[in-house]
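We just call them A, B, C, D and E in the order they show up, numbering each chain from 1.
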Amino acid sequence: MIKWSIIFDNLPFLLAGAWTTLTLTVASMIFATVAGLLVGLLNMFGGKVIGAITRVYIEAIRGTPALLLILIVYYALPRIGLNLPQFPAAVVSLAVCYAAYIAEVFRAAVESIPKGQSEAAFSLGMNRAQALRHVILPQTFRRVLPPLANEFAALIKDTSLVSVIAMQDLLFNAKIIGARTANFLSPLIGAALIYLIMTTPVMQWSRNLEKKVE
Amino acid sequence: MLVVDDLHKSFGSLEVIKGVSFDMDFKERLVLMGPSGSGKSTLVRCINWIEPPSAGRITFDGKLVEPGKCDIRRLREDIGMVFQQFNVFPHLTALQNVALGPIVVKKTARKAAEVEAMELLAKVGLSHRADHKPGQMSGGEQQRVAIARALAMHPKLMLFDEPTSSIDVELIHEVLDVMVRLADEGMTMIVVTHEMGFAKEVADRVIFMDQGLIIESGSPSEVFEHPQQERTLSFLSKVLLA
Amino acid sequence: KTQTGTLNWGTDPTYQPFEYADAANKPTGFDVELMEAIAAKMGRTSNLTSEAFDGLLLALEGKKFDAVCAAMTITPLREKEVSFSIPYYRSDMGIMYNPAKNNITKPEDLVGKTVGVQVGTTGEIDAKLITGVKVNSYPDIQLATQDLENGRIDAVVNDYPVCTAYASTHPTLKVIDTTSIAGQDLTQLYGIAVRKDDTQLKSDIDAALRKVVADGTYATLYRKYFFADPPYLPK
Amino acid sequence: MIKWSIIFDNLPFLLAGAWTTLTLTVASMIFATVAGLLVGLLNMFGGKVIGAITRVYIEAIRGTPALLLILIVYYALPRIGLNLPQFPAAVVSLAVCYAAYIAEVFRAAVESIPKGQSEAAFSLGMNRAQALRHVILPQTFRRVLPPLANEFAALIKDTSLVSVIAMQDLLFNAKIIGARTANFLSPLIGAALIYLIMTTPVMQWSRNLEKKVE
Amino acid sequence: MLVVDDLHKSFGSLEVIKGVSFDMDFKERLVLMGPSGSGKSTLVRCINWIEPPSAGRITFDGKLVEPGKCDIRRLREDIGMVFQQFNVFPHLTALQNVALGPIVVKKTARKAAEVEAMELLAKVGLSHRADHKPGQMSGGEQQRVAIARALAMHPKLMLFDEPTSSIDVELIHEVLDVMVRLADEGMTMIVVTHEMGFAKEVADRVIFMDQGLIIESGSPSEVFEHPQQERTLSFLSKVLLA
C-alpha cells in the first residue's frame, strides 16, 4: 500500500517543500509574536476603546477558519495596495492570523500571575507601568514560552493551508509527487512523517518547559 | 498619625466593612483579631488603598487621603505591607526583592539600594540568603524577605495581614522574632494575627472585629482577660482551646 | 506591475499534460513550454508561479502575476473579468470511468451517477448540464481521479487530453471523447488570460503566439505532448 | 470593496453550505467524543502496550496538519476496504482526527482531579475501577465540558478543510459564489460572518462553563 | 494490634523513612509530632499502604501485610484515614460522601447505608448539613464529614494526618471535639498533630520524629515536660512560643 521507494526517491523534493514550510513558519512566527505581544498589551492596558477594538480582532480571528482568513488576507491585501510577492504575502496572512492567538497567550500568562504580585508591587508605591515592567512581565516570559512553543507547532501545521492558495510547501509538493507517480498515499505519508519530525520536538520541548514552570 | 473615620467597604452588594472608626498614634502597636470573614484583611487593605474604600475618611500623617487630591502612590511609599502569602517576587533574589522598591520607586542608585538591602537582610537574619530566589527558601525565610522589602521603603507604618499563618509551625517564631524586634525599635504597626503570645508581648491595643464592625478594643489584658462581649469571649475560648 | 525583463505568469501545476511536475519535479508541460516560447519571442524570460486553479484569476487580478496559462477555457463569464489571448488550443471533453464497474459510452449514461470534476473548471459546468447527475467538485483533478479509483464516484469529467494523460498512467481507467452534452457544444478553446486593462500585454502575447505557430514550434510541442499533429492552429 | 448585495443575494446558498458544515460538525463531534473518551481511558488505564499504542496515535495526529490527515484518511480508507459514501467518510476522517485531541482533553481533566481524591477513595477500600467510576469520572465530566466546547468550535472551523474532499460546505459555497460573481472577497467575508455566528456562542459558552468550574 | 518493624521508605534516591519500628495496642491513642519533612505523613500513609513501603514489615490485627498474599483493599477497609486537605468528594452531598464507601465497597444497600450515614453525621454534629455539598461548607465541617466518611467503614484503626492544620483557627475546636469524643469511645488512633492541648488530653503515647527516625517516645508528660533529646526540646520550645 505504501511504496517507500516513492518517498525515498522524492525525498529531496519533499525536503525542499519542508524547507519552505519551515522558513515560512519561522518568519510568520516572528511577526506574529511581536504583533501578538503588542495586541495583547493593548488589549489589557490600552483603555476601553483600544481594548474593545483589539478584542474584536482577537475574537473574529479565533472564530473563523484559518483557511478562510488566509484566503481573505491573501486576496484582499493587493486590493488595499499591498502588492506583496508570494512569500511575504503568505507570512503576513499567517502572522495576522496567529497574532490573535498569541495575544491570548500573553493575556493568559499575565492573568496567571497571582494578584498578590501586583498588590505587593503597588504596596511599594509602584504605578501600573512599573509593576508591569519590573514584576509582572518578567514572570510572564517564563510562562509564555510553553504555549508559544505550542503555537509554533500549530503554525508549522497551519502553513499547510498555504498549499491551498499558492506556496510550494511540503504538502503541496507531496501532492505533486502523488500526481506524477499515480500513488497518492505514499508521498502524503512521507509528508506526514516530515511534519512529525518538525512538530514533535517542538511539542515535547513545550511540555518540558511547562513542567519546569510548575 | 492614622485616623480612620466611619470606613465602609462593599464588594458588589456585600457590605464587608460597615463603619469602622479608630485612630492610632505614632509608635503605637495595634493587633487586629476576629473570626474569619469579619473583614480584618479588607480593613487593612483599605488603609493603603489597595482596596479603595466605598465610603469614609482616612487621614494619614495629618493629611486626608483622597484619590485625585493626594497621591495614593506616595501614601503607599509611607505604608509598608506584609501579606499572608508573602508575595515575594519569585524571579528576583532576596537582595533584588529588597532593593527593587527603592530603585524603581525612589530612584535610588542601584549600588546604594543594594548596600541598604544587605543591611536589611542582615537585620532579618538572612545575609546568607541574599543571592537565593524565593523558590529555594522556607516560608519563614520568604516572609522575612517580604518584611525587609517593606522596610526598604522606610515606611512610617507597617501593616501585617496574618504574617505567620502560612508558615510551618516551627518556623513561625523566626518571623515573630523579627516583628518583635521591629516593635521594640519603635515601628508603628497594625498586625492581624491570632498569635496570642505576640499580642500580649507587643500590642499596645487589641481591636476585636466581627462582621465588619469593631466590637471590642483595649489593652491586651483588658480584651483577653476581661472581654466585654459574648462574641469575643467565645472566639478567644475557641482559639485558646485549639 | 509589468516587469520588462520577465513574463510573470501563473498556473496550477497539477494538470498533466498541460502543466505538471516532471521526474525531477520541475514544472513542465505543454503550457509551460508554450509560455517559454512566447516569452522568448517577446524578448523576456518566463517566470512561473503556482496557484490553485480556482484562485488563478483572483491572483491575476491581485497582480500576483500578469498572465495565466492553465488550460483555461475561454468562457463568456471569465471574459467579463479578464481578457484572453487568441485561442491557443482546442479541446473536447473527456469522460473517464472504471470499465470494471460501469459501462459508459455517452454522456447520458451518467444520469443517476456521481461525477467528479475539478472546482472552477469547464468540466464542472458541463457535468452540471446533464440533469440527474450528482457532481462532486474537488480542488484538483488528482483528488477526483483518486476518488474514482476508490469507487466513491463513477466518472470524472474533464478536458479530453488531461483524461487521456491520466488514463495512460492508470490502466484501470478508460476515457471516452465527448463533443456535446445535452445538445450543447463542448468543444473548448483555451486562452491565456491577462488583466482587462493590460491591453498592451494581450497584443504582445497574441503577436508572440502567432510567431510561435509560424515557425513550427507550436506543432513540435503539440506532437511532444499529445502524440499527434495539431488539428487546430491558433490564428 | 465588499459588496453586501452579493452576500445577501447568495445567502440561501451560503446557508446551505453552513448547514452542511453544521451537520458535519455535530456528527463528527459525537463520534470523536466517544472515540476520544475510549482512547483517553485506554491510554491512561489500558496498561503498557495499549498505553503506548494509543500514545503514538494521539501524538501522530496532534503533530500532523489536519488537512493532510483528512486527505490520508479519506483517500486511504477505501484501500483497506472501508469504502464509505462521502458524508460518512468525512465524518470518519474528522472523528479520527479529533478523537486524539479529545482523548487529551479527557486525560487532562482526569489529571486535574487532585491526587487526594483517589487517595481518599483508596483509603475507603475502593479498587481502581471503583475509584474511577464513583469518584474521578463524575468530577471529570464537569471539567471536561469547557474544553470540549472549545474543540467543538475548533471542529466547526476545521470542517472548512473538507472542501478538499469535495464536500459542499460553507467555505466551498463561498468560493463558488466568488468564482461565479468574480468577487471573491464579499462571499468570503459573508462566510466568515456565518462562521463567527456559529463559533462565537460556543466559545463564549465554553468560557462561561470554565468560570463556573472555578 | 499494629506492629511496624524496621520500616523504610524512599522516593527515588531520597530516603524519607529510615527504619521506624513501633507497636500499638487495641484502643491505644498515639500522637505523632516532629518538624516539617521529618516523615510523619509518609509513615502514616505507609501504614494503610497508600504509599507502599520500600522495606520493613507491617503486621495489622495479627496478620502480616504483604501485597499479593493479603488483600491490601481489605486492610484499607479496616483502617480509616483523615487527611489534612479533607479530600471530601466535592460532587457528592455530605450524606452521599459518608454512604459511598459502604455502598461501593461493602455492597451495603443504599437505604441502610444512608440511615447509618445520617447517624454518623449526627455524631459529628452535621445532621443539618446532610444535603449540602462540600463547596458550601466551612473547613471544619468538611473535615467532620471526612471523619464520618471514614467511620462509616467501621475501621479498627483511624489515621489522622494533621486534621486541623487547614482549618480556620476558631473552627479547629469543632474537629478536635469530635476526635476527643472518638478517643473517649475507645477508638484506636494515630494522630499527626501539633495541637499540644489535644495531645495532652488524649494521647497514651507521643512519638517524636526527626529526619525519618523516631527519636523520642513516651507519655505526653514525659515527652513534653522532660524531653530527652535536644531536638525535641528545641522543636517544642518553638511550637510553644508560637
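One rule holds in what follows: contacts are C-beta pairs under 8 Å (C-beta built on N, C-alpha and C of every residue); 3 or more make two chains touch, one makes a residue touch a chain.
Just so it is clear, the structure is predicted and the values come from calculations on it, not from any experiment.
Q: What are the chains that chain A and chain B both touch?
A: none
Q: Name the chain whose C-alpha centroid is farthest from the C-alpha centroid of chain A.
A: In terms of C-alpha centroids, the chain at the greatest distance from chain A is E.
Q: Taking each chain's centre as the mean of its C-alpha atoms, which one ends up farthest from the centre of chain D?
A: Checked the centroid distances; the maximum from chain D is B.
Q: Based on C-beta pairs in contact, work out which chain pair has the most and send it over.
A: The largest set of C-beta contacts joins the chains A-D.
Q: What whole-Å value do you get for the distance between chain B and chain C if each is reduced to the mean of its CA atoms?
A: Centres of chain B and chain C (C-alpha means) sit 81 Å apart.
Q: Averaged over CA atoms, how far is the centre of chain C from the centre of chain D? Could you give it in whole Å?
A: It comes to 37 Å between the two C-alpha centres.
Q: Which residue numbers or ranges of chain E touch two or more of the other chains?
A: Expected reply: no residues.
Q: Going by the contact rule already set, what residues in chain D reach two or more other chains?
A: In chain D, residues 71, 75, 79, 164, 175, 184 touch at least two other chains, as defined above.
Q: Where in chain C do residues touch two or more of the other chains?
A: Expected reply: 58, 139, 146.
Q: Considering every pair of chains, which are in touch?
A: A-B, A-C, A-D, B-E, C-D, D-E
Q: Spell out the residues on chain D that touch chain C in their complex, using ranges where they run on.
A: Result: residues 71, 75, 78-79, 83-86, 89, 163-166, 168, 172, 175-176, 178-180, 182, 184 of chain D touch chain C.
Q: Can you list the residues on chain D that touch chain A in the complex?
A: Those residues of chain D that touch chain A are 1, 59-60, 62-69, 71-72, 75-76, 79-80, 153, 157-158, 160-161, 164, 171, 174-175, 184-185, 188-189, 191-192, 195-196, 199-200, 203.
Q: Can you tell me which positions in chain B touch chain E when the two form their complex?
A: 35-36, 164-165, 168-173, 176, 194-195, 197, 235, 238-239, 241-242
Q: Can you name the residues of chain D that touch chain E in the complex?
A: 114, 116-117, 119-120, 122-127, 130, 134-135, 138-139, 142
Q: Given the complex with chain D, which residues does chain C contribute to the contact?
A: Within the complex, chain C contacts chain D at residues 54, 57-58, 77, 80-81, 116, 119-120, 136-139, 143-144, 146-147, 150-152.
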